[in-house]
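One chain, chain A, appears in both complexes that follow, with chain B as partner in the first and chain C in the second.
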Partner chain A sequence: MDIMQALDAIWSARWPLLDGFGNTILISAVSILLGTPLGVGVGLILSYGNRVLRFIVRLYSDFLRGTPVFVLILACFYILSIVGIQLSAFQAGVFALTLFCSSHVGEIVQGALKTIPKGQTEAAKSVGLTFFGTFFSVLLPQALRMILPTWVTTATEIVKASTLLSVIGVVELLLATQQVISRTYLSLELYFFAGLVFFLINFAIEKAGRFVERKVSLPN
Partner chain B sequence: MTIPVLEITNLHKKFGEVEVLKGIDLTMQSGNVVSLIGSSGSGKTTLLRCVNLLEDYEDGVVAVEGEQIGYKQHKGRRIRLKEREIARQRAMTGMAFQHFNLFPHMSAIHNVMLGLIKTRKTPKDEAYAAAEGWLDRVGMKNWKDHYPGQLSGGQQQRVAIARAIAMNPVLMLFDEVTSALDPELVSEVLAVVKDLASDGMTMLLVTHEMQFAHDVSDTVVFMQDGRIGEQGPPEQLFHNPKSERLAAFLKNSKF
Partner chain C sequence: MDYDFNFAAVWRDFDILLSGLGLGLVLAVISIAIGCLIGLCLAFAMLSKKRSIRWAATVYVSVFRNTPILVLILFTFFALPEFGINLGKIESFIVTLSVYSGAYLTEVFRSGLVSLPPGLREAGLTVGLTEFRTKILITIPVMFRRVLPALGNNFISLFKDTSLAAVIAVPELTFYARKINVETFRVIETWLVASLMYVIACSIIAAILRRTENRLAIPK
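For the complex of A and B:
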């Protein structure tokens, strides 16, 4: 492995690689930012919805978690277009990852809500809070603190899963790297480079998660 | 005669098939302090919880200031009120719980402010000033920025009481507010309750502290298997119990 040669190849391909990197970040960020509130909604319904709503959302969540993300992405890209919903590859991929994220966040939110003592809801009700007042002021802030570490893991899973969008032609970091490889044949070096970048992204996410965790942790 | 603060008529409550309240009648006027005593499982907590609809009830009427709690009559049928209506009614009464139930993610003062801001729509700065005043009243002003996890049980309970009375309820409900506390912390909480009572607050309290019930209440109610076994002024109930059951109960409690 000639390091200088590899660095040189990376440097001369810096713009397409940076483009891919930007796409990876964008795909992941949008999926997480949309998927998380959606997941909170899923968790809310799984915990407090009426029987019918709960059943539907249970199916939604189980189905999404039981399907490989890969299949989900292909389905969103190919099947949605058959039924007349035209999404670009980028949109379809983000859509798939958003669904994936929401089902996982939904499960962990439901789990967290279950562990909050009933007395919390009762105390909130006793000062006149409505259901939504109780949820947003009392339950959710406690649940979010609890799920933070697991949520960070989910976020890193999404970053990794974003590479799967390459199969429907979205030029994210992995596909950008492969395109450079097809010109330079430096596969070992460039895959190593891409792997390193993914590691650094997730490392940063975990560090940021720890930081937020410390910030919001309750004194005792 | 003025409308009673609390009027319970023929209250029935079941858990599944088990009837735990079997026809309760109780009237409280403004300024009354009523203590509920009775053995474990007699229905004291359940009665209290029906008053602010933390439990639904099947039959009878609970009325606070003349307004039926939780239900309305419509064409001869009983309908549960809308969530928003019930929330408003719950804020008419304040409740202090055995296990305090403070919100762990909020400082003491924010615990007290929450109901003021969300339910009463009080502006933040006003709510802050009011909450500070109530914390002062229960001797917790210097602890206003502490989180529940940083407070002793007795301090938490005092904050919880401030949270309830800050809503300016017409009736305060206390459910064994000292029974989860270490013995040395009991008196600071009882002192707060006593102070509120002497200030004319209407309150209904469940307690196992017989001496306290004796000192603070104008009426003591002895609950027995989901019914009111006996009620009257403390002197009478504690010193001249009519029933065998009450006499036996008193003998077994520390009083």
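For the complex of A and C:
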């Protein structure tokens, strides 16, 4: 193992690698930003929807959580183009990750709403708040504190799952690294490098999450 | 959308899909067994009095939880041979998945151990058991019964992660699904059947786990 040689290879491929890094961040950010509101909707329906709606969304969520993300990504990539929705590999991948994110956020939101005592909803209703008023000014602020730690974990899961897009040909950080490997044969050093970068991204997300958690935690 | 469904191609190869599902289950079972050993050792390390041991266990957990499993799989398979460690693809995948699950299970076991009342260990020592036998005979069995739900969830997500073995050509369900997809172009049928197989397998595992949990639950 020659470290200088590896650093040299990384340095001379810095632009493609940086490009891949940017794509990884973009894929993860878009999937989380789209998946989270969708997931809140899923959680709301699971908690307050009527029976039919709840059943449909339950199926949606269970199906998505029972399928491996990898299969979900391959299925979205191949199936969408067959049914006439022309998406690039990038878009199909982001679509799959968004679905994945929404089902997980949905479960988290439902779980958090379940733990809030019923008295809170009743109190809100008795002072005359509407459903949305109750949700946004009474339940959501309380639920958010419970959601935050698990949501941060979901975000790191999405970053990790974004590597799977390399299999359908999206040049994110892993595929960019693999392209350098196929030129230089430095598989050990470069896979280590890719792993390190992913670790740092997720470590940063985790630390940021902890920081926010501490800021918003209630004094007891 | 004009697409003629034709499941014949998928049914013809249904037995190899099933064998792939079986291989995935076997991989998950072996990996979680090894992962449990790693997790147990590291959970005790996390609670050790020595700071350096605690720190080493924390680093392990943090590194393997925050690195994408796909990068770990590729690293073990393609980069470790440079160290002279040559593993077949199935062995290599089992090693990766065990190490990966070890990190998750450490957290599970650690919180399980912390939640045990100290009187349990004290009672063991009082009746004359050594520290080691107290752990084996009392602490660990009780802890296992407490963490069973978390352990089950980890098993299900490990089972889903076995789909990634397809990337290094381990012939499990996703590998065969990709093969059938490419050979027959029955895209929707293939992915529908493959993901349904995963969903159904996961539901069955979840149901079995819930029954076991109920049977082994510590009576209040």
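Keep this in mind: the second predicted complex is superposed on the first by the 220 of 220 C-alpha atoms of A that agree within 3 Å, B and C clash if a C-alpha of one lies under 4 Å from a C-alpha of the other, contacts with A are read in each partner's own complex, and residues count from 1 in each chain.
Simple rule for what comes next: a contact is a pair of C-beta atoms (placed from the backbone, for glycine too) under 8 Å apart; a residue touches a chain by one contact, two chains touch by 3 or more.
Since the structure is predicted, the reported quantities are computational estimates derived from the model, not experimental observations.
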Touched partner set for A:P68, first chain B, second chain C, both or neither: second
Touching partner for A:K125 - first (chain B), second (chain C), both, neither: first
Partner chain(s) touched by A:L218 [first = chain B, second = chain C, both, neither]: first
Touched chain A residues, chain B compared with chain C: C
Which of chain B and chain C A:F203 touches, first, second, both or neither: second
Touching partner for A:D8 - first (chain B), second (chain C), both, neither: neither
Touched partner set for A:Q142, first chain B, second chain C, both or neither: first
Footprint overlap on chain A, where chain B in one structure and chain C in the other make contact: none
Residue ranges of chain B in contact with chain A within the complex: 52, 54, 83-84, 87-88, 90-91, 93-95, 97, 99, 101-105, 114-115, 118-120, 146-147, 149-150, 160, 163-164, 167
Chain A partner contacts - residues on chain C that touch it in the complex: 1, 3, 62-63, 65-72, 74-75, 78-80, 82-83, 160-164, 166-167, 174, 177-178, 181, 187-188, 191-192, 194-195, 198-200, 202-203
Interfacial residue positions of chain A with respect to chain C in the complex: 1, 62-63, 65-72, 74-75, 78-79, 82-84, 156, 159-164, 166-167, 174, 178, 181, 187-188, 191-192, 194-195, 198-199, 202-203, 206
Residues of chain A that touch chain B when the two form their complex: 117, 119-120, 122-131, 133, 137-138, 141-142, 145, 218-220
